[in-house]
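Just below is one structure, and these are the notes that go with it.
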Amino acid sequence: MCALPSTSPDLSCRIAGVRLRSPLVLASGIWGTSPSLLVRAARSGAGAVTAKTCTPEPRRGHRNPSAVDWGHGLLNAMGLPNPGAEEEVSLLRTAAKALAPLGVPLIASISADTVKDFGAAAALVAQAEPSLIEVNISCPNVQAEHGEMFASSARSAAAVTAAVKASTSIPCIVKLSPNVPDIAAIARAVVAEGADAITAINTMPGMLVDAESGMPVLANRSGGISGAALKPIALRCVHEIAAAVSVPIIGTGGVLTGTDAVEMISAGAACVGVGTAIVGRGAEAFSFILEELTVWLRERGYASLDQIRGRTQRPCSPSVTNRPPIPGTHVS
Amino acid sequence: MSGAPREAACQHVAARIVEKTQENARTVMLALDAALECIPGQFAMLWLPGVDEKPFSIAGADPLSFAISRVGPFSERVHALEPGDRIWIRGPFGAGFSAAPGRALLVGGGYGAAPLAFLARALLACGGKVDAALGARGVGDLLFVKRFRDLGAAVHVATEDGSAGMRGRVTDVVRPLLRAGGIDRLHACGPEAMLDALASLCTETGTPAELSYEAYMRCGVGICGSCEHNERLVCRDGPVFTIPTGHASGS
Amino acid sequence: MCALPSTSPDLSCRIAGVRLRSPLVLASGIWGTSPSLLVRAARSGAGAVTAKTCTPEPRRGHRNPSAVDWGHGLLNAMGLPNPGAEEEVSLLRTAAKALAPLGVPLIASISADTVKDFGAAAALVAQAEPSLIEVNISCPNVQAEHGEMFASSARSAAAVTAAVKASTSIPCIVKLSPNVPDIAAIARAVVAEGADAITAINTMPGMLVDAESGMPVLANRSGGISGAALKPIALRCVHEIAAAVSVPIIGTGGVLTGTDAVEMISAGAACVGVGTAIVGRGAEAFSFILEELTVWLRERGYASLDQIRGRTQRPCSPSVTNRPPIPGTHVS
Amino acid sequence: MSGAPREAACQHVAARIVEKTQENARTVMLALDAALECIPGQFAMLWLPGVDEKPFSIAGADPLSFAISRVGPFSERVHALEPGDRIWIRGPFGAGFSAAPGRALLVGGGYGAAPLAFLARALLACGGKVDAALGARGVGDLLFVKRFRDLGAAVHVATEDGSAGMRGRVTDVVRPLLRAGGIDRLHACGPEAMLDALASLCTETGTPAELSYEAYMRCGVGICGSCEHNERLVCRDGPVFTIPTGHASGS
């Protein structure tokens, strides 16, 4: 072990020209768009906060049960409850004002049922002048026009990106979904249309069943998996996207500890989304994770996040050792 | 050693109703055959598969009980259940009341009394003294008067229509009690307007207080923001908040 | 609680005309194709056993680490080590002979890099006369001709199915992958080409990162998630497939207990694949799960699995209760 | 209360080498700064990221130690490490030896002695007596002669080239010991041929035995089937098997 350097490591990072003093980003949908709760996340240590996804029209969301802790994370189908993009603008304005003195940028989040409406929603929330706009094409709990998420194909993901880019000059982040065969291809498609950053990933579709009643646990039957069970899926997606494109990635999914954040940045993330950690660690999750990350870096003498970013991309030397034997050939 | 993996603490458990007691015109008490490790003031989610899931205060731990007032479609469905029927629960959620010796005044508005008899037993068990102030619109909404009397508590009653006890609001019986002094702590649960009035009274008289709030709940685990009340999450920071600090109390 | 009936519930089920005395199926890749280990699974309570996937040529598989228990299941990239289809035939023959007296059918499993080779592999293993042939188009640890799994698209999945069906009259089961936007569409495509049953699901692609070295933990970098973390993904896939097609489904993924098996059958599975359970519960996992399932059914007075199958498909009555309020509108 | 979630028992831990001791011509003993709750006969996987991961017997628990013989590319890489360098471990895996009082004969072939000094300490601690029979091709492959002597064990040595102890195989020194009687139990680790010969000897003389086998390991957790040996999984049912039953021993 080397002696601890007296200076703290530099935890700042950048997304599309926006500087974050901490790499932890409040994930969309966590704590809604309540300005006071967004401020609470910022005070706890979030370097940026993402508002709840809003849609052109208000949505009531699904009935309960809408979120269940199943022991390996959370399964949720909130159903995007939100007051609609117009009302959202005033919430975002209030939030941005409260966040400014803290130096914490606000990320708006939008979703819609059609490509055109995505553009309109972007133009609308842009009025509140958020630092960034996240384009949620990957919510598993709402249906798009063709019955599939826009994040399902490179073509539809690109179309949404183009519509949003044409509607606003605020940098935009496209949020991708894990349940596709080749997430890198989707990433390339949205970057080709001008996406300034990528959030990877949204939840993975899943279902829980209550054995006694034989009913799905969620009122919406299926929902999205987040938390611990999502981490290896997210790490794999981030690793693949980082190898395919060069825009910054908000690595999101199952980051519960400082070590998880190290792993996510090692896989190539510019910064790290945090959501479900709050269920296990409470509202102070950000400060805990930030402290753990700081100690981890300091103990190992790292001065900045750049020094650990993308390490999973390094080539390894598999020819060093003998190859495994062919199995089964000796079986009697 | 079949090595069966443990289940998560917060998944649903299918409980069976073992007893159903009519408490007042619109409230039944359900005793279940399940167990939750919990303290007074915490709540659970009650689920009827295919119908809905709603939050209810834990009204007793042994047996696990809930006092359910019929106010709408879900509570109506619950009222239709009989002993032997199933109801699904998960919990406990939230921060409960703290139990300390001294003289406590428990204030319940309508079905807000639900967690307070449970709390009274905990207070008495740790050497405290209990007064209860119960308010409701009318006698048909008054909850737990007999339960508190049976526990030996002094019970002060107010109804808006004067059908039982003093005519007026529960704050009208609480005010003189607080001003008279001798109350070390106030614990309350009920409608927001009642809680806000009690908060002013407690601030005025310097009485430490724990107030249990309601809010519309979705996730129940502090992540969705649906239950925000004054910058705090009722499901997780609360439902019990202390005044004047506004911080969560209990464990 | 009702009194326990004196008779045991009927645990038998059928896949494509083949009768299983127990609904538990040893999943492919577990314990390889060693005849003695397949017999061990049968003795422990498996109603059918699936051999390790074989490929036209022998494969050594990947270096270690090739399987890691990460606390929420297993991540593996064995790399399909197998002696090749020709050698496999003799292993399958030995296994089938040993299993016959136990009344436990043998399921062969094949994979290949091209549609044509799938057909050839099917014809080859058919020589050993397994009761069923499982077509593994969903192994995340090998690459197909076009760089994607055949299970990734309805078109390629259907092509493989057609090739296999043309090569053998033994009923075939197609094994699907969860990382697609619409698994029901893939299921419909393979059933249209004659698939006699479906196994859902294979592992979900994921990656673990070692924070200290910044390296992926698996020698192959990414691998497949199985066990606890996979269960809600598998339940959702089985539910969706059962709603789309009527062939039997071997519901596979994260079944660790009798209750898990109940959930899987409730989601529509005809029978239940078991793999990773062995890591936590040992070689006797089958007998434990079978006993738990039996007790569960008996205590509730169910006489057969048919009585609990597909319960998640029942309509629910969401209009019974009031809809949730629109959020955010009251925020100060 | 930062509520940090627990890590899985079987994930890799990055350990640091604190001591490196040359034990014979091709074997080094590495002491690490990590801890594993384990018993003698269990093994761990040693991982060098980007290189490979291989199974090694735990040669001591305090400090956690491994005796590594240089036989190929991976063990060569491990030999190149120095104190202060990192090596990754996960485990323990498998079923170990059982420790009981009485007179035990420990038989090691080559680096098969690796778990036996650890076992000797456990046997002595529970009141047992220990004889050791160590065999190797030549003196350069003999392992732990001094360690066993330092523990007070009677040490019997055989080398095929006669460069130390009796010329011959270790079974040649074991045979008379078993036939003479007085050995309550035999524990052995080494090449398969040695173990099979010992199994016959033990059956012949009615000596209960625990034999530790090797096999090519992939998963290490009993799921892939790679390590099958006589219908059993060496990584999980073994590596220690009892004869004549062939069942796993230890905990």
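Order of writing sets the labels: A, B, C and D. Residues in every chain begin at 1.
Definition applied: a contact is a pair of C-beta atoms (placed from the backbone, for glycine too) under 8 Å apart; a residue touches a chain by one contact, two chains touch by 3 or more.
Small disclaimer: the values here were computed from a predicted structure and weren't measured.
Colleague: Return the chains common to the contact lists of subunit C and subunit D.
Modeller: Chains touching both subunit C and subunit D: A.
Colleague: Mind listing the touching groups among the other chains when subunit A isn't counted?
Modeller: In the absence of subunit A, as far as touching goes, the chains form one piece.
Colleague: So, comparing C-alpha centroids, which chain is the farthest one from subunit C?
Modeller: B
Colleague: Weigh A-B against A-D on C-beta contact pairs and write down the one with more.
Modeller: Counting C-beta pairs in contact, A-B comes out ahead.
Colleague: Between subunit A and subunit B, tell me the centre distance in angstrom, where each centre is the average of that chain's C-alpha atoms.
Modeller: Going by mean C-alpha positions, subunit A sits 37 Å from subunit B.
Colleague: Report, in whole Å, the distance between the mean C-alpha point of subunit B and the mean C-alpha point of subunit C.
Modeller: One centre to the other, that is 47 Å.
Colleague: What whole-number Å value describes the gap between the mean CA coordinates of subunit A and subunit C?
Modeller: The computed centroid separation for subunit A versus subunit C comes out at 30 Å.
Colleague: Which residues of subunit B are in contact with two or more other chains?
Modeller: Within subunit B, residues 49-50, 52, 218, 225-226, 228 contact more than one other chain.
Colleague: Out of subunit C, which residues touch more than one other chain, so two or more?
Modeller: 32-34, 61, 63-64, 70-72, 81, 210, 213, 215, 219, 228, 282, 314, 316, 318, 321, 324-325, 327, 331
Colleague: Which category does the touching pattern between chains fall into here: line, ring, star, complete, or other?
Modeller: Per interface graph, the chains form some other shape.
Colleague: What pairs of chains are touching here?
Modeller: A-B, A-C, A-D, B-C, C-D
Colleague: Under the touch definition given earlier, write down the residues of subunit B that touch subunit A in their complex.
Modeller: Contact set of subunit B toward subunit A: 6-12, 14, 45, 47, 49-50, 52-54, 86, 88, 90, 217-226, 228, 231, 233, 236-237.
Colleague: If we count contacts the way the header does, which residues on subunit B are in touch with subunit C in the complex?
Modeller: Residue list for subunit B touching subunit C: 2-5, 49-52, 72-74, 77, 216, 218, 225-226, 228.
Colleague: Could you please specify the touching residues of subunit C with respect to subunit D in the complex?
Modeller: Listed in rising order, the residues of subunit C that touch subunit D are 29-34, 36-37, 40, 52, 61, 63-72, 74, 76, 78, 81, 210, 212-213, 215, 217, 219, 275-276, 278-279, 282-283.
Colleague: Along subunit C, where are the residues that touch subunit A in the complex?
Modeller: Contacts found on subunit C: 32-35, 58-64, 70-73, 75, 81-84, 87-88, 91, 148-149, 152-153, 177-182, 204-211, 213-216, 219, 221-222, 225, 228-229, 232-233, 235-236, 239-240, 259, 262-264, 266-267, 296, 308, 311-312, 314, 316, 318, 321, 323-329, 331.
Colleague: Touching residues of subunit C toward subunit B in the complex: what are they?
Modeller: Per the touch definition, subunit C meets subunit B at residues 228, 256-257, 280-282, 284, 288, 291-292, 314, 316-318, 320-322, 324-325, 327, 331.
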